[in-house]
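Each of the next two complexes has subunit A plus one other chain: subunit B in the first, subunit C in the second.
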Partner chain A sequence: MLTLQLLINGILLGGLYGIMALGMSLIWGVMNIVNIAHGALIMLGAYLTFWTFTLWGWDPFAALPLTILILFVYGYLLQRLVLNLVVRAQLFLTLLITFGVEVVMVNLARMFWSADLRQVTPAYAGANFSVGGLTIPYVRLWVFVTTVILSVSFLLLLERTRLGRAIRATSEELRAARLTGIPVTHIYAVTFGLGAALAGAAGGLWGMLFPITPIMGGALTLKSFVVAVLGGLGTMMGAIVGGLVLGLAESFSATYLGPTYPNAISFGLVVLILILRPAGILGRRS
Partner chain B sequence: MRRIAPALVGLAVVVLVGAAPAVLSPFLVQFLINLFMLAVLAESWNIIGGFTGYASFGNVAFFGVGAYTTGVLLTRTALPFGLALTAGGALAMLFAAVIGMPILRLKGHYFAIATLGVAETMREVVYNLEVTGAGTGLVMPISRSPLPFFYVMLGLLVAATLVNWWLSASRFGYGLVAIREDEDAAAAMGIDTARYKTVAFALSGAFAGLTGGVFAYWITFIDPDAVFRVITTIQMIIMAVFGGMGTVLGPLLGAVVLASVSELLSTQLVALAELFNGFIIILVVLFMPRGLVDVLATRPFSLRRFADNVRAYRI
Partner chain C sequence: MRRRAFVTGSLAGLAVGSLPVGRAAQAADQIVLGSAISQTGKYAREGKFYVDAYALTVEAINKAGGVKVGGRPYQLALKLYDDQSDPNLSVRLFTRLVTSDRVNFLLGPYSSGITIPASAVSEKYEIPMIQGGGASGKIFDRGYKYIFGTLPKAEFYFQSAIEAAVKLTPPVRTAALLYSNEAFDRSVADGARQWLKEWKVDKVYDEEYQPATQDFTSILAVIKSKGPDLVLVAGHVENALNFIRQSQAADVNPKMVVFTVGPPTADFRKTLGKAAELAYGITPWLPDMEVGGEVFASASQFAKQFQERFGYEADYHVAAGAACVLALKVAVEHASSLEPKKVRDALAALDVETLYGRVKFEPTGQIAMGQVLIQIQDGKVVPVYVSGKMLRKPVYPTPKWAERK
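Showing the complex of A and B:
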């Protein structure tokens, strides 16, 4: 029974990790930028939801579209105006500049919202229901359902639309994409915007389950990276599977090993995967 | 003559700085100790990040191992500071070598994030260990005078700078640069890349560990969050990059400029100083990715160089 409960907890959390990693994997796969500011984008999404909730009394789920829109615009501008200038530089410089963006965002957040722990607690926050001895909190269930809806619509966007085809083409062969008339600078910015929007959505949902602080992003960047690598880079389904794996690993390890090593667990997991299956769980061998 | 002149200038500067505490206010002495610490860290990061081209985002882990080893020995045994510090440096070096063997096989992004993970994991490990005082930290015996710290840090800085100078002009150093420029080609030339990288990482770790040990005793109180700070890693990287990665004096120059500005800003507000660090990272990457040394060494000096740097990598 305990095993089943842990399984459910892990899967419910895994969905959230999945959409975090989806955003990171997209930006990485298309532009070859590992976005260290990804966690900071999640943090921004969380604070936006916190604001609409405390200032205007919006339901956190209802605030998601607004958060997604703001983060999309923010990500679009960030890529177009700043990151685009170094997008072809060596890895170290792109890593470093996103690191700089992270530091700036975290410290601005510290000034705006102070370092206090914040929480988004709608009236139904503590409610749960039981099925055959298993306890399922409503919030976690709805968060999971939302992540499934977001992932599916994102995958459809990427696979079925003209924009999605343009993104995939740019990712595969920059020069050829440009020759066929795809505005690659715009596509890069849209891609970053989509990645940021997913991060923002993840943040908005995260805030309902866990406390929000300006420095929450660091560990989440690490987790997003781990999940993206676990599933296999560039495969969008891989990010989702990786999310579930990490969710399950954390859920079981917290019970059997104690809750004090969450990052060590995810880090150990990724080292293991890099050694055993360098291409990731769903990745193709190159 | 070309080798003697810089050596003499260097010696004169060291003697001058060494005599400085006699005339400086206690506040300025503390500021200089902090400056030396950051400069050693920048120079030590330069060994792995600048010369070898492996962007480590977790060197604070070695700083922490050194700080905690020294701290634990000082509080739980009767060992004198000198021995405790040596043990701290040695353990940090060993840790860097052992952790380096697997993760130096990773490249690019994977290496960078793996080092980030190592630092985060070490913080958690220290948080959970009884001997390190877990989350509450360790209180060192208090030493009365700041002067020993001043001279030990200065000594470390001289040693770190000399090691960087040695790398810039030795077979081993050329090997590291070859690895940075093209690792496969370096291996084809007969360089034992795995050994070279591990030694460079261990050397970098040793200096970070020694600095950490001095830091622990100097600051008298350490806890996991104060020691394993991401901002410490950011500082060492940005100082090395700002001054000029892979050069001998670049990291030192970067530390002097940035630590001074940071100090001025943090008298206003700590968050402001960190914000400044973030903006500096972005601006340096955009406008002078090869660092201040490159800007100063290029003649004639012109602002167009900054514009050229911005145009270099966009699409």
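Showing the complex of A and C:
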């Protein structure tokens, strides 16, 4: 029974890890930018949910579309005005600039919103139901369902639309994409906007489960990185699979090895995957 | 004894030649208290409590006539740096405070992890440091002579809670112990194991976790499967928040859950809302405790002034920080000198009533003081048990989540 409960816990949280990593994997795959500011974008999404809930009494789930929209615009502008300066530059430069963006965002958040812990507490925050001795919290279930809906729509967007094809083309063969008339600068900005929007959505969902602080993002950047590498860079399904793997690994290692182990296990997994399948679980060899 | 002699002997050796001269030659009639404290990074929240506590107490002392040394009034001044929650940076900043800023005395940082290395600086340069942010025994068991602390011993944190738990009806028989793998919480857990053994409570779960842990659902699933009467959680405020929120969602219902931090803090109760109800906590200080002394006549008067000045409620961190400044003031007056060595001896001999209660240090430098077990009832902190006395009947056993209003 405990094993089954752990399985459910792992899957429910894994979905959230997946959507967190999806945005990072997209930006990394298309632009070759390891976005250190990813966690800061998640933080921003979480605060948007918190403020719409606290100031206007919006349901945190209802606030998601607005969060996604705002983060998309923010990400688009960030890419167009800042990151575009170093696009396709050495990895080190892009690391530095996204790190800079992260520092600025975190410190602005601390200035404006203080270092206080915040929590989104809708009336149903602690509600749960039991099936055959298993306890399933409603919020976690809905968060999981939302991540599934978001992931599926995002995959459809990439696979089925003209925009998605343009993004994939840019990612696979930059020069050919340019030759066929794809406005690459615009596509890059849209891609970054989409990545930011996904991060924002992940933040909104994360904020329903965990406390919100200006510095929450650092650990989440690291988690997204782990998941993205686990699943395979640039493959969107990979991020989802990686998320589930990480969720399950954390859930079981915390129980059977001890609660100090989850980080060691998740990074150990990354090392293992890099040795056995350097391109990630679902990655293609390039 | 031998160890202490060795440590201080060798440290004194180190300090020769590096001891700054002319320390007292500050701006005329000013005593400068220096500290590096976390204003950014993971301890920014708690760090702010001390920054504000130091500021208010220094202001209040100056307004009340300052510190009288040999009949001459001195004004207190603060020199603060931000250690960014980084122990390495903390050591560098305290060294700078002593060697280049030449402050007279040191106030402590926040957290045991930072206080342990920082106190080595005060010991090396033989400048007294009095701190209210670190309670781990590891700060005080090295035979240092220049470190003083106003937080009670970590090993005693759960003493009153466990004592109370076995005296309630029905008494607690089994317990789960969960603690973060930081110096302070490990000391808390060491103590808890002893108290559990002494009161013959069966320990069914005993695990440490990383302080950065957000998701406690797996830990909770295991605890739930073991079904302990009492759950003891030693960690940071964020851990306590997550633990409570997730126990509600996972429907975990022990008879009593006690946290080392969180429940006494107003912010914590506000953030959690109703879910914080009936949680137990411990605190060395409450604003409505009947204590008081010079500068602040009572705990409640201090709490009121603090609230007016900073717009949030003072908790025990704040009071412990204020007590540091006050203890230093009284010690300097008793020593009637700004000589670090003399003030150190005056601190060691100190026995004074303050807004924080009686400040008297054990030979190790740590305050001799117990903890009050508290429970949150109707959003308010209610004292339950202290040193053998049941103060108020708690709501016990804690009703199941589903049966709560």
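Keep this in mind: the second predicted complex is superposed on the first by the 280 of 286 C-alpha atoms of A that agree within 3 Å, B and C clash if a C-alpha of one lies under 4 Å from a C-alpha of the other, contacts with A are read in each partner's own complex, and residues count from 1 in each chain.
The rule we apply is simple: a contact is a pair of C-beta atoms (placed from the backbone, for glycine too) under 8 Å apart; a residue touches a chain by one contact, two chains touch by 3 or more.
Owing to the predicted nature of the structure, the values given are computational and were not obtained by experimental measurement.
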Should the pairing of subunit B and subunit C on subunit A count as a clash or a fit in the superposition? clash
Between subunit B (first) and subunit C (second), which does A:Val82 come into contact with in this model arrangement: first, second, both, or neither? first
Subunit B versus subunit C as contact partner of A:Arg110, first or second or both or neither: both
Quick one: is A:Gln119 in contact with subunit B, with subunit C, with both, or with neither? Answer first, second, both or neither. second
After superposition on the shared chain, which partner residues are touched by A:Ala219: those of subunit B (first), subunit C (second), both, or neither? both
Between subunit B and subunit C, whom does A:Glu102 touch in the aligned arrangement: first, second, both, or neither? first
One more residue to check, A:Ala254. First (subunit B), second (subunit C), both or neither? second
I'd like to know which partner A:Ser130 touches here: subunit B for first, subunit C for second, both or neither. second
Identify the partner contact of A:Gln5: answer first if only subunit B is touched, second if only subunit C is, both if each is, neither if none is. second
Contact-wise, after the overlay, does A:Leu93 reach subunit B, subunit C, both or neither (first, second, both, neither)? first
Once both complexes are aligned on A, which of 37-45, 181-189 or 199-207 in subunit C overlaps with subunit B? 181-189
Where subunit B and subunit C land on the same part of subunit A: residues 107, 110, 219, 260, 262-263
Subunit B residues within the subunit A interface of the complex: 49, 53, 55, 57, 102-103, 106, 108-110, 112-114, 116-118, 120-121, 124-125, 127-128, 230-231, 234, 237, 241, 271-272, 274-275, 277-282, 285-286, 289, 310, 312-315
Residues of subunit C touching subunit A in their complex? 40-42, 44-45, 48, 178, 181, 207-210, 212-215, 217-219, 221-222, 224-225, 237-238, 241-242, 245-246, 248-251, 267-268, 271-273, 275, 401
In the complex with subunit C, residue positions of subunit A that touch it: 1-2, 5-6, 9-10, 13, 107, 110, 115-119, 121, 125-128, 130, 135, 137, 139-140, 209-211, 213, 215, 219, 250-252, 254-255, 258-260, 262-263
Write out the stretch or stretches of subunit A touching subunit B in their complex. 28, 34, 82, 84-89, 91-93, 95-97, 99-108, 110-111, 174, 184-185, 188, 218-219, 222, 225-226, 229, 260-264, 267-268, 270-271, 274-275
